Amino acid sequence: MRTDGRQTAELRPVSITLHPNKHAEGSVLIAFGDTQVLCTATVEERVPPFMKGQGKGWINAEYSMLPRATQVRNQRESAKGKLTGRTMEIQRLIGRALRSVVDLQALGERTITLDCDVLQADGGTRTTSITGAFVALALAVHKLDRGNTFAKYPITDFLASVSVGVIGERTLLDLNYDEDSKAKVDMNVVMTGARKFVEVQGTGEEAPFSRDEFNELLASAEAGIASLIEKQREVLGELGSRIGTASV
Amino acid sequence: MRTDGRQTAELRPVSITLHPNKHAEGSVLIAFGDTQVLCTATVEERVPPFMKGQGKGWINAEYSMLPRATQVRNQRESAKGKLTGRTMEIQRLIGRALRSVVDLQALGERTITLDCDVLQADGGTRTTSITGAFVALALAVHKLDRGNTFAKYPITDFLASVSVGVIGERTLLDLNYDEDSKAKVDMNVVMTGARKFVEVQGTGEEAPFSRDEFNELLASAEAGIASLIEKQREVLGELGSRIGTASV
Amino acid sequence: MRTDGRQTAELRPVSITLHPNKHAEGSVLIAFGDTQVLCTATVEERVPPFMKGQGKGWINAEYSMLPRATQVRNQRESAKGKLTGRTMEIQRLIGRALRSVVDLQALGERTITLDCDVLQADGGTRTTSITGAFVALALAVHKLDRGNTFAKYPITDFLASVSVGVIGERTLLDLNYDEDSKAKVDMNVVMTGARKFVEVQGTGEEAPFSRDEFNELLASAEAGIASLIEKQREVLGELGSRIGTASV
Amino acid sequence: MRTDGRQTAELRPVSITLHPNKHAEGSVLIAFGDTQVLCTATVEERVPPFMKGQGKGWINAEYSMLPRATQVRNQRESAKGKLTGRTMEIQRLIGRALRSVVDLQALGERTITLDCDVLQADGGTRTTSITGAFVALALAVHKLDRGNTFAKYPITDFLASVSVGVIGERTLLDLNYDEDSKAKVDMNVVMTGARKFVEVQGTGEEAPFSRDEFNELLASAEAGIASLIEKQREVLGELGSRIGTASV
Amino acid sequence: MRTDGRQTAELRPVSITLHPNKHAEGSVLIAFGDTQVLCTATVEERVPPFMKGQGKGWINAEYSMLPRATQVRNQRESAKGKLTGRTMEIQRLIGRALRSVVDLQALGERTITLDCDVLQADGGTRTTSITGAFVALALAVHKLDRGNTFAKYPITDFLASVSVGVIGERTLLDLNYDEDSKAKVDMNVVMTGARKFVEVQGTGEEAPFSRDEFNELLASAEAGIASLIEKQREVLGELGSRIGTASV
Amino acid sequence: MRTDGRQTAELRPVSITLHPNKHAEGSVLIAFGDTQVLCTATVEERVPPFMKGQGKGWINAEYSMLPRATQVRNQRESAKGKLTGRTMEIQRLIGRALRSVVDLQALGERTITLDCDVLQADGGTRTTSITGAFVALALAVHKLDRGNTFAKYPITDFLASVSVGVIGERTLLDLNYDEDSKAKVDMNVVMTGARKFVEVQGTGEEAPFSRDEFNELLASAEAGIASLIEKQREVLGELGSRIGTASV
């Protein structure tokens, strides 16, 4: 049994609250246990310079932690005057992951920006962000769709993410902060509703890992992500009914 | 009657939720209507370089808006690489206001940092931040005090803030965003429980104002702040019982 | 009597020298006692992006202190790579104050930038800057006007600024550096020729102040500003004769 | 057959030149085909602040591309004033990978910085960098070791890296730039001499991938890395003889 | 005859006003025609990190132009967030030039910073700055010396600077802005009272120059600098009497 | 005899390798002894904003040292977030020098950027850079010319650069790092094939120098540059045959 009483293959309690923000085109407050992230989706009717004139849209993501989201207060990146490498890495990951389930052609010349702001952190902030940002994106696309914007629905599948790791000899699902800091292998996995991999990032800084350990980690992540996508479907209900309906 | 149905001298509904954050020494989620600010207080057992060796403490504040706190998304200051003048002005104001009711000598050589992060904005974010940050500060000081830290209680009085403005001929209390953008005179007032002024910042960029208008604005602010402090007392209950007990 | 021999309600000697700079459209060297500020006005036939296409002009201000304007040398903000919060706050204040007496519609699509560079500082640099910048602005507008540029004269009134403060029990006008650092209440006031308030910024960081103290401070500031505007009228002479002639 | 005539599972010609730089404690010029990286290792007898007093060392990496390493010239990051997210991500990866085969305790309180500067780029700059940086690190550690510095040899195993990807239906090893830009799945793998995984970063931005594809990619990478490590052993000869001799 | 009526080998009118600033240890307002520079010398009883513990002092210089010193307003470097290459080049030159006539050993462990702020520019701002900064430095050293600080006087000689250039076929001394922008060869020369060269920076971007032209330029500069040093001696009078008295 | 066995007027061994980079329009690897610089020329069919619409081209240069080009590792300027004054000064010098032998009108509306990256430093990096960048520029212009681009050939003469200095009583040519750090006078000279001066930058920070010393330095530099240009002619062969053929 884990320090918080979970089984090795058990997710933390997940909650997804829709529409916490009155201004955004889509917004979600998501929690994986004590990790809480506010995800907002902003739709703008223009694309970044490098995408202009291609008739395609763009999905962009930004990630930040409030200074006291963590046990020890962190200096704000705005006060430092620059983003840390960690932040850049995470926001690039979130954007890339979401684009994998969006048909940018079908989206048309508009940009959707997903802001993931971590209100409280207890491990897994990037996987929580991806899972919540997908729902915020779905809400924003649904809202656009009510105006009959899309011939072809631009979201091609569901998408969620979870972390897995090895502590001692055990493979654990959805690590909290405590577990994360003790894990010798740490992996973040992003998968689609069709159980395909979008991102796999495994790191054995403390101890390299074998092919067998790798397989176990992937299996655990796959099961966890299936549960998370179930939860997303449930929460979105009708609002998610056109996701994946276009044959790509 | 105002667009949201309020009387000229009526505050928006105020809610103050204690302890939304499990890591911070003090934390508050405060709302003035649709303006929502998360305030956390962080205690550190050291002071900034310019305060060293004086046996005194320091109170510091930082302020930020989430990018989609507003109707139109704002670029993050961390991405721009610098703070805007508006942010600097506001966080200097919050810090200065809070220090006016703290006996830095009694606090001892420690720093309390108040982070005010605006989750959703609808006018009055700086006054909401000051009012909420005071409560977060009180919680952090109370927590320190449980260890019998203070001979003399370092918080000398309650403190709250509200905006007032002139639209047309009417003096309005606690402007929302819509009213704020139409006001020809705009004033932010910070006062103590003893009804003394700590900060008065009045601006008549659109139209200079007379002494009589000024007096009306101050009277309206004074009444509003009295209500806000009533609310703070109520929410803090026992936790605020030592505030102002030391004779300064 | 004050340390420099002044009465409580007495200004420091004020001098305003016109045209110290041969390049600028308007320029003024102003001194309040030992505080010396060089103010230049630059006219450009374009407006900032956010003002484009509105047929209106813009007034902008920048403020800076030479590194050895002060007793102890300050690091240059250009070397630090960023403006301090204090500088931003002051230059926003100067711009806002000047715009309150300019009819931007009448000015037409042009920008006037007021640069206030403090050559020597002895308290009251922001009030000296506003008072001097107004005169530099008037010179620049007069110069434009000689070409019959304006149907309606864009400057609607005179404008000056002074500081007031409380030391011990006394209300003092136009604080020098020494007094400023001892004051428990510190207020900057900007008023027009019609004796209306444009900005009131009062701070009681050291000790909150009562309504009565507030009233005394405002009365003292009002008298001081009246004298300063008298001085501005005198120095400008004919050059200021169209100021406020348009009915707004 | 591939555009450059290689088989699907064939590496590009690899060359590793030792000691191209006369100042560095270790240096290597490595080429994977037309991708050329200069790797230098700098030894400093101190550790970063966060490592102080732990009796352990640190391995740090920095990565950069010369502006005309690429087909189209890139602006220098020094001129932009900041590192791109891509650069940060890569240098974090290189550092993390190398640390996985270094016993920081055995290294003692010193820092080895690996600078990887891409002189010419044709795909796979990060995998080429890791493979070359390992050799530069080995040279620097060997040089330290000649002074009988280490009781226990701090490098615990060999380490190399290669990219794999899917184009059409084919799994290709060691993608050049052309192939990289067409790949729908792109994966970078870092492995040790003991055939354990240190980093696996797979991305299916263009098209999510199945478990079977994943397995094929890993198998191809594993074979490629085995060849690269063979090459490293050969080039280092005697200089690498103590690598992995300490039982960890 | 030149556009301003001067002979080819004639300096512009030079004026040097001592003590324009009440805070600085030395200060000078210097004008070469319409070029006006405020030079202040600040003495600090410490040296930069790279000079610590050597028992020697340091001379540092900073240079800046007010935004409207020029015909067209320049953006402030503090607003841009960085110094231009031109500014860095000039302030490095000023510091290097002054250090050539200071015995850093005799100065002792203190830093003198020369701030050269151009109030109005009409060509030759760097040569005016060097010539003025030398006088400000002399005042500061004299002030230190009144406390019998120096066994050996640390200033070893006088120092001044002037520009020369070629327009058409003529060699002109002390170019104003207009001449400077037309010159095909442009040279700045710094010399000592003993007529030795400290810096020679000649540029023929528009047209390379021959050895003969070079000789003529140097001869003209030498004569001009001799006059400038005469002027410095005159202005300093008794205050400069110990300059160069120590045998180096 | 010098520490490396050279005569006072002897250059270090010079090598110039053409085309080390497959992407650049022109590229050269140049060595003056142990100083190695990679120079690439990039042609872009546009000019910087300040040159637009004049029908002329532009030559731009950038300079950088790899962090371990030197004995002690230097922090990257990209990591610091800004260029040092030294870098800016050098790259301004390289650009200015090259422009002196280019007819910008004949070049047409295009920009050639010369990147000089120091792979290994042993004194004279700026003179090596200029000498190598000229050859890279010649290659790029020759490549453009093969398309019959130019009516008039835009390179008007050869160009090279060398350092000279005084150590003790001796005038030395082409200083290495060791000599450079001991020299009391240090001079960099840039000359054309027609033996005209383009830049002369002499510094006597340690000890001012006389006119005679100056003449000796120039004579030594002139001879050294003549040899370097001989070498450039030899290496370029046919590729340089049109240089200077247009009468300017």
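By written order: A, B, C, D, E and F. Residues from 1 in each chain.
As a working rule, contacts are C-beta pairs under 8 Å (C-beta built on N, C-alpha and C of every residue); 3 or more make two chains touch, one makes a residue touch a chain.
None of the values given here were measured: they were computed from a predicted structure.
At the interface between subunit D and subunit F, two copies of one sequence, more than half of the residue numbers in use are shared by both copies.
With centres computed as the average of Cα coordinates, no chain lies farther from subunit B than F.
Centroid to centroid, with C-alpha atoms defining each point, subunit D and subunit E lie 52 Å apart.
Separating the centre of subunit B from that of subunit F, both taken as means of CA atoms, is a distance of 60 Å.
Counting partner chains per residue, subunit B has residues 81-83 touching two or more of them.
The ring of touching chains, read from subunit D in the direction of subunit F, comes out as D, F, E, C, B, A. By the touch criterion given at the top, residues 82-86, 88-89, 91-92, 96, 99-100, 157, 191-192, 194, 196-211, 214, 218 of subunit B touch subunit C in their complex. Against subunit C, the residues of subunit E that register as touching in their complex are 21-24, 27, 34, 38, 40, 42, 44, 62, 64, 66-71, 73, 76-83, 87, 113, 115, 117, 119-120.
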